[in-house]
Structures are given as C-alpha cells and as structure tokens.
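The structure's right below; bear with me while I get my questions together.
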Amino acid sequence: MTRADVRKTYKLYLGGAFPRSESGRSYAVEDAKGRFWAHASRASRKDARDAVVAARKAFDGWSGRTAYNRGQVVYRVAEVLESRRDQFEAELRTAEGITASRARTYVDAAIDRLVWYAGWSDKLAQVVGGANPVSGPYLNHSAPEPTGVVAVLAPAGPLLGLVSVVAPVIATGNTCVVVASQPHPLTAITLGEVMATSDVPAGVVNVLTGPQDEIAPWLASHMDVDAIDLTGVEDPEAARNLEIAAADNLKRVRRPAAEDWLATPGLDRMTDFLETKTVWHPMGL
Amino acid sequence: MATFEYAPAPESRSAVTLRASYGLFVNGEFVDGRGTPFKTTDPATEEVLAEVAEADERDVDDAVKAARRAHTRVWSRMSGSERGKYLFRIARLVQERAREIAVLETLDNGKPIKEARDVDVPTAAAHFFYYAGWADKLEHAGLGTRPESLGVAGQVIPWNFPFLMLAWKVAPALAAGNTVVLKPAETTPLTALLFAEICQQADLPPGVVNIVTGAGATGHAVVSHDDVDKVAFTGSTEVGKAIARSVAGTTKKVTLELGGKAANIVYDDAPVDQAVEGIVDGIFFNQGHVCCAGSRLLVQESVAEEVLERLKRRMATLRVGDPLDKNTDVGAINSPEQLGRIQELVGVGEAEGAERWSAPCELPTKGSWFAPTLFTGVSQAHRIAREEIFGPVLSVLTFRTPQEAVAKANNTPYGLSAGVWSDKGSRILWTAARLRAGVVWSNTFNKFDPASPFGGYQESGYGREGGRHGLAPYLKGSER
Amino acid sequence: MTPTDAPADLAAAAPAPLLDATSSDAALRRFLHGLPGVDQVGAEQRAAGLGTRSIKAASKAYAVDLAISMVDLTTLEGSDTRGKVRALSAKAQRPDPTDPTCPATAAVCVYPDMVPHAVDALRGSGVHVASVATAFPSGRAALDVKLADTRDAVEAGADEIDMVIDRGAFLTGRYLDVHDEIVAVKEACALPNGQSAHLKVILETGELQTYDNVRRASWLAMMAGAHFIKTSTGKVQPAATLPVTLVMLEAVRDYRLATGQQVGVKPAGGIRTTKDAVKHLVMVNEVAGPDWLDPDWFRFGASSLLDDLLMQRTKLTTGRYSGPDYVTMD
C-alpha cells in the first residue's frame, strides 16, 4: 500500500496568518499540463479591505525600524528561501512545466534578488538623499521615506517575478497587499509561508489570490492605499482604468512595462514607492 | 506727528512699461491668439492692466509643434554646456530686470513689493543659476550615465508666485534638454510674458520656451496634448487629480504640486518669539496664498494662551494695504473669486462655532482685501481645519503630548509641509521623522531654495522640484 | 528721566511675582534657564526684516528728532579733559546752533572724574549727566571699589549711573552674585536726600556671545532693579546690533507684562548712522511698542551718531545734502 499524501490547503496570507477567504470561495488551479493541482482561495473585495487594514497597521512599526534591521529581515527571507530551494523548484516545474535547470535558475535568481534588495535598505538613503547646500544658515537634508501601503499586482512569474516586485517595496519600509498571479497563485502562498517564518512582521506582506480584475479595482480606488504597482496587469485598458481610479487619492502609480526578471534591476522599483522628505533646521548659537 | 506713523513709501511704477495688449509667445515671437482676449487687473485697485490673448487648442498645438521642432532640431542636440550658458544668460537678465519684474508681479498679483523684491524675483534668478550649472553635469545626477531629455514639457502654473513658479518649471526642464509650453494663470500672466521678452534678449532659440495664456481650457489643451511628453502642474488638488486621470494609460511623465493644510507644531519649549514670527510667516506670507502655508497652528496646551496672546499682538503690527508700499506686510487678495472663497470658509468657521479674531487694520475700500485672521477653538472636525483656505486665515488647535501633535498633524489627506518648534533637538528630530510631509521646517518656516527639493506626500502631489531631485522628472529612465 | 523718589531698598527688590526666583542661586538659575530660548537665525531674520522698513518724509523728520533727543552723547576716553567735556556738553544742549527747533540730547555720558565738569556745564539745561561706574569697562575690581566708584559719581552730581555687570560671574553661572552686585550698586546710587540716580545696567552683550545669554542677563538685571538695560560699553566688539537690541526689547516688553514695571533699553556702541538709528526706532515701535518711544525709555549711547543725525536733519529741512563741515565737530 502506498501512503496517501497529506495535501496542503492553500489559503490567503493576511496579517501574518493564513485565513481562508471571508467569502468562503475558492478556485481550481491547474498545473502546466492542465491537470487539477490544488484549490486557491478566491479573495473578495472584503479580503482586500482587510489586507489593507493589516498593511496599514503594520506600516508604522515596519517603517519605524532601522534600515539595518529591515535589511536583515529581508536577508532572512533569502536564507529561508534558500533552505527550501527544492520545494520551490518542484512547485515551479509543476506550475510552469519548465526544466529542473530552468526552475533552479529562477529560484536562485529569486534568492539572489532578495539578497540584493536586503543590502539596499540601509544604503539607498545615501544614494538618493543627501545634504542640500542652501544659501542660508540652515542644515538642510533630503532623505527618502516609504510611501505607505502599496498595492502590488504581481506579474505572472510565480516566484522570481513576485519576489522582484515585493522585495523592493518592503526593503524600503513600505507594507504591501499583493494580488498574486491569477494562474500561478500557489507559489505566492508558499512564499507567504517563507515570510511568516522569516521575522517579517505580520501585515508587512499580505498575499491575496484570485481574479485580478475583480480585486484590483478595489485596491486602486482604496483611499488608504498610497501607491499601486500595475506590473502584473496585462490588458492596457485595464491598466488605464486602474490608473484612473488611483487618481482619486493621487496614488503613486507604476505603469506596466516589459520586464526582464533575470536582469539586474535599477533603483526605480524602490524609488517609485518612496517620498523625499526635506528637513530644514537653522544653525546658530 | 505725535506718534511714529510710517509715511507712504510707494515703490515707483516707472520701472514697468505696460502694453495695452499682449499676444502669445510661440516659436520665439509674439503672435495673436485665436481665443477671446481677456483682461488682467491689479487686485489692489481693480485697475485693468492689459488685455491678454487667449490660446485655443490650435494655438496650443502651434506652441507644442514649435516646442517639438526646437527640441528635435536644436535643443536636444545642443551640448549641455551650451544650454547652460543660455540659462546663465537668463539668470543674469532676471537679475538685471529684477526691479521691473518685481513691480510688475506686485501689480498683477497684489503681493507686497517687499516680498516680490526680496523673495520671488531673487529666488527665481537663483533657480536659473542653479539649474544652469546642472545642464552639462547631468551624467552626475545619479540618474544614469547618459540621461536623455523627455521632449516637450507642458507646464501649468498658479497665480500665487507667478514668476517664481515659472522659474521652478522652466529652469530644470531646459537644463535637462526639454523644451516647454508654459501656461501662466489667467489672473497673473504678465510676468510670464515679460519672461518671453527675456528669452528673446537671451537669444534663446525659437520654440525652446513657448508661453500660452488663457484659463482652464487652455491649460487642459496643454496637458492633454498628445505630443506632450511631460506634464508639470502646480495648482489645486482637484485639477491635479483630473490631470492624473487624463494621463492614465499614456507614457507621459507627471509631476503635481498641489494643495496643503500644513501643521505648524509649537511645543512648550519653543523659542517663542521666533515661533510667533514663524507662525506669522507661515500663514500671512503672500496673503496665505501659499500651498505650503502653515494654516493649522498646533500649539501645546500649556503655552497656548501665551502664544496666542503674543501672536495677536504681533498680528496687530502687520501692515495691510497698498502692495507697492515698501512697508506693506500683507497685500491684496489675488482675485474677487479667491476673496469669495476665503469669505465663504471663514463664514463656515464661524457657523461651526470656532472663535474668530481679526487683526485690527483698516482695509482699502477698493480692491480685494482680507484682514489677517485666526480662529481659536478649532477641532479637527471643522472644515477650516481640513480644507485649504488659501488666504490669511489661521486655524488654531491645541495638543497635550508629542504623539497627539503628530497624530493631528498627519490627520489630513495632504502632506506638503509642516513646521515644528522646540529648543530640544531630539524632540525636533523625533517629530520631523514622523510628520508625513515633503518639507519639514524646524524652528523656521516658508524657506525656499533652488538646492532644496520641494513637493508633497499623498494628495499634495508627487514628484519633487528643486535640487538634484528636481531633474529626475525631466529625464528618461528615472521615474517621477 | 527724573531721579526716582522710591526708597532705594524697596526699589532694589525683585517685583512680587518674581521674588521666589531670587531666593537662591539654584532658584535664580532655574528661572533664567526657564525663559524661552532665542533662535539666533530667526532673531536675526526678524531684525533684518524690520530693517527693511522704509521711513520717509514726515516720519523720517519725526524719527530724526526723536533719535537726537534719545542720544546719550558720550566720551569715554583716557584722553578726556574738562575742555572736551564742556564742549560736548554745549553740543548736547544745542546740537544745531543754527536751529533752535533742534532738540537737545538726553544726556552726556562721561567717566566719574569728568562728572563735575559736565554737571557744571549742563546745570539747568535739562540734559542729564550720566556717568559710567563700577570699574568700567571691565568691571574687574572688588565690590567695595565698584561701590565707591558709584558713590563718587553720584555725589559729584551724576543723575544716571551706567554700571557694568560681572560677566565672569555671569558666564560661570554665578547669577546670584551678579544680581546682588546690581542691587548693591543700586543702593549706592541713593542720595542722602532720598533721591536716587537712575541705574543703567550694561550687559556687555559682545562678551555674552549668545542671545539666550542676552535674554537671561536682561531679566537678571531687571529683577535686580535696573531702570535701563544697556547693550555694551562700546569697548568690546560687537557692541549694539539690531538683533541684540531686539532680544532686549522683547525682554522689557515681557517684563512689563509679567510685573507691570517698565524698564528702558539703551543700545550703545556701533550705531553711527541715521539709518541705523531709524532701524532701531522702528524696532522699538513694533517690538516693545510706542510706550518706549521716549527718551525716558530708550536711549542711544553714541558719539558720532549725532553728527549724522544732524546732517540728515539739515537735508530734510533744506532739501539738499549736508556735509561734515556744516555740523559742529566735538
């Protein structure tokens, strides 16, 4: 007799916990060969709302940590991911039907990307901020600060794409609500498990699975979301509509563009979700 | 004379030669507009100063085409050092014609000559100097090794600092190699048209700077033109949102510098006399027509009474009146429409139960005027604590602890600026770190410098103007 | 300014609201360090801002005459003689001999040994005789020497005494010593007839370095009973500057609000032009208020300032610029 697998139930990752969708709904996810693989939670607008609340609640604490500490936490995510390479490799092969070596390339690149962004957390302020030589007796300096709660519409790349859009957002002190790739949601939840065991505080990363076209408009129009990354929106008309909705509270919008996830990123995925704060102080006796 | 009254000390108008009518500045020449000409007036006297052309969509299209041609054929091909020299020329011309620009600004805008002379014009010249020096150093701006200009920038500026806002927009755009189509506000077009003359005197290649005058429709034509690569807007949050919607789905880059409702936090250990000056500067500078005005005073309860007493005494010494008088501290409200909005919100403040106090001052009978005013007994729920009044009206709120001060300061959809006053360095830094605002003035207020990035969080807009940060919105490869 | 009738011992005590503050060194330190701080940059900007006021025509004529009437015409040189003091006294009474409408100065200010000559020359003129005292300008002498110096001047007929504080004591935080010394000097200003010379307390702000110190020293002097607080001896640079005067004007304004007592201010040293004087008057007007626009409450310690005021006065009356040859030189 062969042993029956203990199969995993994939749920949402929300406020540090793994609840089912409040709607009680789920949808079937297929593997690359079109066979049933597992059910994913089908997040509702209320789940999106709850995720924003969780992300907002986490923001002060996360953004208030030292950059060094945030870098260590993101690095810890890389460490834990490294220890689960085989699991992710297998998931990627199932999801995308790619070769073992291709899957390994993606997993390794995702780990390395986390390490890259982890290192940025305590360096970026020196690169994009600095002292401003104003013509008067003032100390004047500009430094980047996280924008706030960022809605991330994740691209189809189940692991590398996802890590590439989430890591820059959190390394700089933002918190986020991620809508995972609709056809490849499961790896996002597994990544949530990595986050949950890597000292990432509850609510810093929240992962919703389900139909992007249903969930995204609620996030785009949400008045307590500060920015939205449209990278994973493939339909230009949908992206345009989300950008229009985002204008209600002047969210910072990153428009979709062609991406090469294996290339070394620039700073823009971080700076797009940063504000520059300039502080003046007189110098005198 | 039994008391020390100051005799009138009017700045001479002779520096300014007004024309009866002004055209648009397109491709290096003044041309007629195809819209309906409009009049611009001196808000202090209601005197009509000149008739100004209105640019319609075709005029705007001509201007964009001229800008495109100038970008493709001349400006983007020119070396940075050459571009820089034109900007240096402009900076010098602004200095040489400083008196004229200042007087014209005061006539058209209503702001005190003291401010036009000592703040607006010198700071505008400084902006051109600052960005002139960047033109041949863009590869060192941290935005890539071969930064490229975007193309044509459509720029729409407000009436509160007409010439200074022009400098904020034009200087970085040109330094980065873009050409511009700029629309000044309909109530204050004259200094922009004087700037057109300066461009001619500087022999700036035709089409690099184009100035189209008109109201909202003209502005809409500029920002929504298909061949504009970049939109830069300073003005109301409402229009800013409309612009953000209109560029959705395009590749246009946008910077928005919008409204504010800044908190000015005064702790009980503040250097109180300087704090009072900072409160006054914060809300009465430029009649409070300042997006970053410190319009909400948050004062610690333990010193609230004393601070208010000092503030009222100080407000009573503000000299309100003829903007051309060199001793005037508070000038005219820019337009009857703006005066109406101020009066409406002040009426709301009274109806909501806040207590109004206005400085005792005689207001001229003609023109648009509003006495420096403060409201006490204001709570966060009052409209005068939430909405931008854009006038000389201060809402006073109190707090008990630093945490409460920060929470109240941040309790607004805006996030442009904030002030904090304390003699304790660590408390200032603690507070500044928690204020969600793009500019934090500690133990000072309303200071501006070309080297200092300026811009807001949240609904105060996005992007920064000034400093190295101010180049990014005008170069490829750097978002915002 | 007339000599006060109040008994010296009563006048010397701090006003009731502040009595506790002078009860001990620790209490005084707590009080002075509890005064609001002064931000240098902000104070200097405020002073510069007031300096841009444009005072024209009738206002300027008013300001020039007021300034002349506030001058403590001063000579404090080792080379001073009876002749020099008599000449200065003549000029103080009739600054412009050609124009009887020109006001007299407030006082002539000299060293103690020159007081008899000034008293002699100014008798009946209404121009006060001010004497520096207390081992001016350094103040580095024993207390009894300083008191003797003061009594000498008062007995010789000085009706105003310009004393210096012990800056060494102040800078080392011995505030009560500074306070008590002022009280003692004030007692030494008393005359047997029950009257008393007015006491101006020189802070020597150039040695105090910070505006916080200027504010504290101002309050300290007022609490000890100063009738006037004065910036400088004129022997130390910088002497009177607009921001220093600003801080002192804020102090007298606040002191009156706290105690009901009005104290005068005297910037001294470095004020040489009409423009400077007018800037100071604008500041008095807008910071302390019009109550201080009076020689009883505001003075200029100066020598060459008077000549420039006279030239400007001539310009205003004749419509043409005057020159140094047309004002009397003393």
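The first chain written gets the first letter, and so on, giving A, B and C; residue counts start at 1 in each chain.
One rule holds for everything that comes next: a residue touches a chain if its C-beta (ideal position, glycine included) is under 8 Å from a C-beta of that chain, and two chains touch if they have at least 3 such contacts.
Only a predicted model underlies this, so the values are computations on that prediction, with no experimental measurement involved.
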{"item": "Farthest chain relative to subunit A (centres taken as mean CA coordinates)", "value": "C"}
{"item": "Best-connected chain pair, where connection means C-beta pairs in contact", "value": "A-B"}
{"item": "Interchain centroid distance [CA atoms averaged], subunit A/subunit C, Å", "value": "69"}
{"item": "Subunit B-subunit C separation of Cα centroids, rounded to whole Å", "value": "45"}
{"item": "Interchain centroid distance [CA atoms averaged], subunit A/subunit B, Å", "value": "37"}
{"item": "Residues of subunit C whose C-beta touches two or more other chains", "value": "39, 41-42"}
{"item": "Multi-partner residues of subunit B (each touching 2 or more other chains)", "value": "443-444"}
{"item": "Overlap residues in subunit A, where contacts from two or more other chains coincide", "value": "136, 138, 282"}
{"item": "In the complex with subunit C, residue positions of subunit B that touch it", "value": "1, 3-9, 114, 118, 269-274, 277-278, 317, 326-327, 423, 443-444"}
{"item": "Residues on subunit C engaged by subunit A in the complex (per definition of touch)", "value": "39-42, 44, 209-212"}
{"item": "Residues of subunit A that touch subunit C when the two form their complex", "value": "136-138, 282-285"}
{"item": "Subunit B to subunit A touching residues, read off their complex", "value": "126, 142, 237, 240-242, 244-245, 248-249, 251, 256, 258, 413, 415, 428, 432, 437-444, 447, 449, 451-455, 457-459, 461-462, 464, 467-469, 477-480"}
{"item": "Parts of subunit C lying in touch with subunit B, wherever the complex brings them together", "value": "36-39, 41-43, 45-46, 52-63, 66, 250, 281-282, 285-286, 290, 293"}
